[in-house]
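Given below, in the form of structure tokens, are the structures.
The following pair of complexes shares a single chain, chain A, combined with chain B in the former and chain C in the latter.
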Partner chain A sequence: MYEPVILAQIFWTGVATSAPHVLMTLGFALTLKVTGLWNFAQAGFMAIAFYTMFFALNGLDLPIFVAVLLAIGTTIAASLATEVYGLQVLRERQSGNLMFFIFTLILSQFIMYVITLIFGTEPQTLFKSILSPVQIVGGVAVSDWDLLGVGLMIGGMAALWLFMAFTKEGQFLTAVSDNAKLAELYGISARRSYRVTAVIASLFIVASMYLVGSHGGVVPNSPLELILGAVLGTLLGGIGRVFAAAAASIFLALIQSFSILVLASRWQNLLLYGFLFIAIVVFPRGVRLPKFRFALAGR
Partner chain B sequence: MTRSLILSRRHLVAGAALTTLAMPGIVRAQAKDPIKLGTAMPLTGSQAGYGADFIVGMRMAAKDVNDAGGIAGRPVEILALDTQADPQLGINAVNRFIGVEKLPMFFIAWSAVVKAVAPVANREKVLAINTGANAPEIAHLGDYVYTAFPLADVDISKLARYTVNTLAKKRAAVLYINNDTGIDAAKIYRENFTAAGGQVVAFEAYDPKATEFTGMLLKTRAANPDMVHVHGLLTDVPQVIAQMRQLGMTQRVSTYSVAYNPKIIEQLGAAAEGLIVTSLAPGVEENPKVAPFIERWKKEIGRAPNGLPYIQYQYDMVLLAKAMYEYLDKAGKPATGDTLIEALNTVKEFALPLTGKLVIDGHRVDKPVYLLTVEKGKFVPLTTLT
Partner chain C sequence: MEYLATVTILIAIYVILAASYNLVIGYGGLATVAHPIFFAIGAYVTGLLAIHAGLPPIVCVALGAVAAMVASVLLAASSLRVSGDYLLIASLGFQLGLLQLIRNLEITGGPGGLSNIPSTIVGAARTPTFLAITIGLAVVSVLGIRAIVRGPYGRAITAMRDEELAFTALGRNAMSMKIVIFAVGCGVAGMAGGVYAFYFQYVSPEQFEVLQSAQILTMVVLGGMATAYGPVVGAVLLLAIPQAITFLDLPQNVMAPLQGIIFTVLVLLFLFLRPTGIMGDSDNKPRARASEAA
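This part shows the complex of A and B:
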């Protein structure tokens, strides 16, 4: 089990399978950073994204790119409707954090129940086959799904970083996340930033659910399980640190994958809950690595 | 006018009399209180694909029984409650059967649920009949818990021995879901495989919520088995096999009746070739009544049933209940948990239309095991193990 090829396989599969979780975490952590909300309604949006693609592909026989576009449309619509007609109303009422939490949780449950009534609870996959072509690279099995996942993960992180760092809209998001009232004094609309955030999170949700749904079966309440990983990544990465949250998600997936070397596989998922417990109790502000200082950097 | 009115009344009376003579059973059945058969199955949740079809199968049987005059002249009514395959919801459902509906007997499935409701059945002296769970412990759950479905020690033990003795596989890996179904069945497979002269080189449980199995499969690959037995659910078995093939593992795979489902072949494509599944009910080749049943199902429901052998059992449970109630009717005894158990043990042998002869052997039943394999994208019979 400790042969380099096996370790390389565990590493590669761990990174690849972290992709949907990383994408989900990017959307979840960004929403938390900008709006200050633990938006569990995103679990409902994940269900909408998956079942829109599923219905477009299997019910309407539409091509995959149309199915994805439709999913982006419905997810953004649901996300914006929640922002405008739900969260904004609660903000205007100056509702407490608990009310926001309850609202998003109930909304996600409501969406999942509706989806259950429409699609039933049988596990569904986006494509009839869940097999993905595989190439052996240096003894390591690399599937097309792995490559797509890693590509979407890197692409998604890069796109978000570029957006946040180099566009005015991205800088507005940072300003609103720092201090929404102060940002408004400078003419930045917090409402607009919240909506932009909802749109970006929706894109990550669709990408994530495409990966999940093309890899195995999904039932209407699967997203609630999946969002737990996003919560954990966000907690470990530190609230407000979107890319650290994404890195934490990769780290967690690798820990889970490598744990097979020392633990029976049935304990792998338990690790996630163990980390969640430790993160809440020991690292309430996230794990912060020491900053590396380079002698020349400051000169 | 008057004459025509009189004639018309006569016609009506004659017509009614003829109808009564022609269909005495139906008229009697409709006139008396219905016999309610309670069944608690997952109608929502990840197992609903099976659970909901179970109920459809039972309702088809109830319709057939009612069309033929009911049970001892009384119509049958299926009372279905949802368990979501969750033990607590199972207890709630059974409490309703007993406390509200006052039923002396109910049908139940899913191992964890059967185990959870067993103390309630025993305490309230109500007969619980397992119709689809296969955990071997079910045989030891108490005086009021019976099974009409063969437990895992029937099909899994026969499969394990067949794998060693006939397929000549000597090194097996057993991968199983970490729940009541998987744990017990995996132990039985290991015991029988070893007893037959084979060696279990990997014995790995996976979390019921797991979707990624690479680590476990790499461990398995390193153990170099020549056969892999996977004991999970419809949600995870295809994923385990798919990831096995993607890691270059070409070993033949066996599983049990849960995978006797066309969806598995659809999801796995060529990777399903050679897969061995068990069935505890005769198929089209062995029982001429099965093909018309499938046709009827397709006509009424518009698709193939999920888990055909299980549904054959659900259909037959109504016929089993019919035989038990008819025994009580002849004996002039009321239906209680105790008298129904007496009926079950006295009649003992039941000729059931879709699953064949059922012999009650204490808290167990023995049945032939039908092995099927995937060949050119279809399930084909492999052998029958008696």
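This part shows the complex of A and C:
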């Protein structure tokens, strides 16, 4: 049971299955950092992304890259429409957090009801088969889906880091997240930053839902449960720390993976909620690792 | 006639739920989505006590309400320590986590639900008696909450919601007040759950999903947040409209999402066009401002 190869397999599977969660956490945590909103409407956008791809592939028989492009288009459109005609209006009215919350949650539920009406409640997958070719590497089974997931995860994190660190637009996002009013005094448009954030989050959502939909069944309500993982990663990583949130998502996936050694599978989902409470009660501002500083010799 | 009576009983139960949710979210300004789970705690505790302990119905319902109250205190005390926003997140996790637990436990009947809850009243008098009980409880709940919020404690609640810093500066304990409001609201929801369990004699996890929050929230927003009779208007309207659709004889897989779409569209319209709701007075500047600030 505890042989190294088994532990290595569990570790690899944990890392690979964390990929969609990491991608959605990146979008969710970035939105929270820049706009200050727990944007539950993203669950609705996740449903839009998945069902657009599903319909393009299975209803219209389009090639996969066209389906993904369509999903990017519809998700960005929905996200921007929500930003411009919903969130912006509430901001102008100086509405409280509760109004934002009600709006994003209800919008998300509205989208899910519409999708349920169109597609029903049967679990759907993007492809006819969710089996992925597997190769054995050092005794560990590595599927093509695993490699795609890990590749998208690393690529997504690297792209976001480069964007935030080396582009003007990325630096504007950081400025707006620090102090939107002060940023505006320096000529940075907060509105533009919010819209850029919506577009980036949409890209992460599509990538994430591609992975989810090509690995298992999705029902219209699935995104609402999936987004809880993003919430938890964001809480554990600490609000405003996007990459720490992504790391926390990997950690949670590993915990869930390794829990099969001690827990029956039906109890594994409950772990997530247990961690949510621990995070809120013990680490309300996220887990902060100690900073190691090396004293300069001869100073 | 039996059908109309059952719908009326359901409306009365939802009036209790919506009124208690309004106390928490409207008057108290506490953002939570877990109200259905306190309804569920009341229903399950009542059902289990009735099946296994054979206690009198009133005691079962009272203990169901107490269980919901205790659970709400645990949730609020842990999450309100940091900031109000955490209650929202914690409530979402609490709702989903507890439902998962209910689905996995054998004693609650698992995903199949809890059946064989004993019928307390049998025969022709059953429905009229439940009708009288639920309507009576709804009236008492609405008037009781109205009395609370119109009294000195209610003014303190409003002050705490609108200006927490100033409220605390006056030496009042905002935290304990929030916990009390939350506990009372959730306890009332638990009581509604108990009555529900006795009337329908069957409860299952699907009846308490987080999507139920949208339904109750819709009743509160549409009727008018922080208004005494708003939740009553919201509950009656939103349970009556789907009944009208029922007569269209649509298949269930169309009916359920259609009802959901009606709920959510109404909330979205009211959020933007009339944030104060039907009973809210948009000319009443302080109340309108409070509703917006919520």
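Everything below uses one rule, namely that the second predicted complex is superposed on the first by the 295 of 299 C-alpha atoms of A that agree within 3 Å, B and C clash if a C-alpha of one lies under 4 Å from a C-alpha of the other, contacts with A are read in each partner's own complex, and residues count from 1 in each chain.
What we mean here is this: a contact is a pair of C-beta atoms (placed from the backbone, for glycine too) under 8 Å apart; a residue touches a chain by one contact, two chains touch by 3 or more.
Being a predicted model, the structure only gives us computed values, none of them experimental.
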Request  = Figure out whether A:Asn58 sits in contact with chain B (first) or chain C (second), or with both, or with neither.
outcome  = neither
Query = For A:Thr174, is the partner it touches chain B (first), chain C (second), both, or none of the two (neither)?
reply = neither
Inquiry  = Quick one: is A:Ser189 in contact with chain B, with chain C, with both, or with neither? Answer first, second, both or neither.
reply    = neither
Key: Which of chain B and chain C A:Glu225 touches, first, second, both or neither   = both
Query = Is A:Val114 in contact with chain B, with chain C, with both, or with neither (first, second, both, neither)?
reply = second
Query = What is the contact status of A:Val89 with respect to chain B (first) and chain C (second): first, second, both, or neither?
reply = second
Request  = Considering only the touch criterion stated at the top, classify A:Ala141 as touching first (chain B), second (chain C), both, or neither.
outcome  = first
Inquiry  = Quick check on the superposed pair: does A:Leu131 touch chain B, chain C, both, or neither? Answer first, second, both or neither.
reply    = first
Ask   = What part of chain A is shared between its chain B contacts and its chain C contacts?
value = 116, 120-121, 225, 266-267, 269-270
Residue ranges of chain A touching chain B (in the complex, touch as defined) = 1, 6, 9-10, 13, 17, 116, 120-123, 125, 128-132, 134, 136, 141, 143, 215-217, 219, 225, 256-261, 264-270
Note = chain A residues touching chain C in their complex are 38, 89, 93-99, 101-103, 105-107, 109-110, 112-114, 116-117, 120-121, 221, 224-225, 228, 231-232, 235, 266-267, 269-270, 272-274, 276-277, 280-281, 284-285
Remark   = Given the complex, residues on chain C that touch chain A span 25, 29, 31, 33, 78-79, 81-86, 88-90, 92-94, 96-97, 100-101, 104, 210-211, 213-214, 217-218, 221, 253-254, 256-258, 260-261, 264-265, 267-268, 271-272, 275, 292-294
Message = Residue numbers of chain B touching chain A in their complex, please.
response = 44-49, 52, 178, 204-207, 209-216, 218-219, 222, 234-235, 238-239, 242, 245-248, 266-271, 306
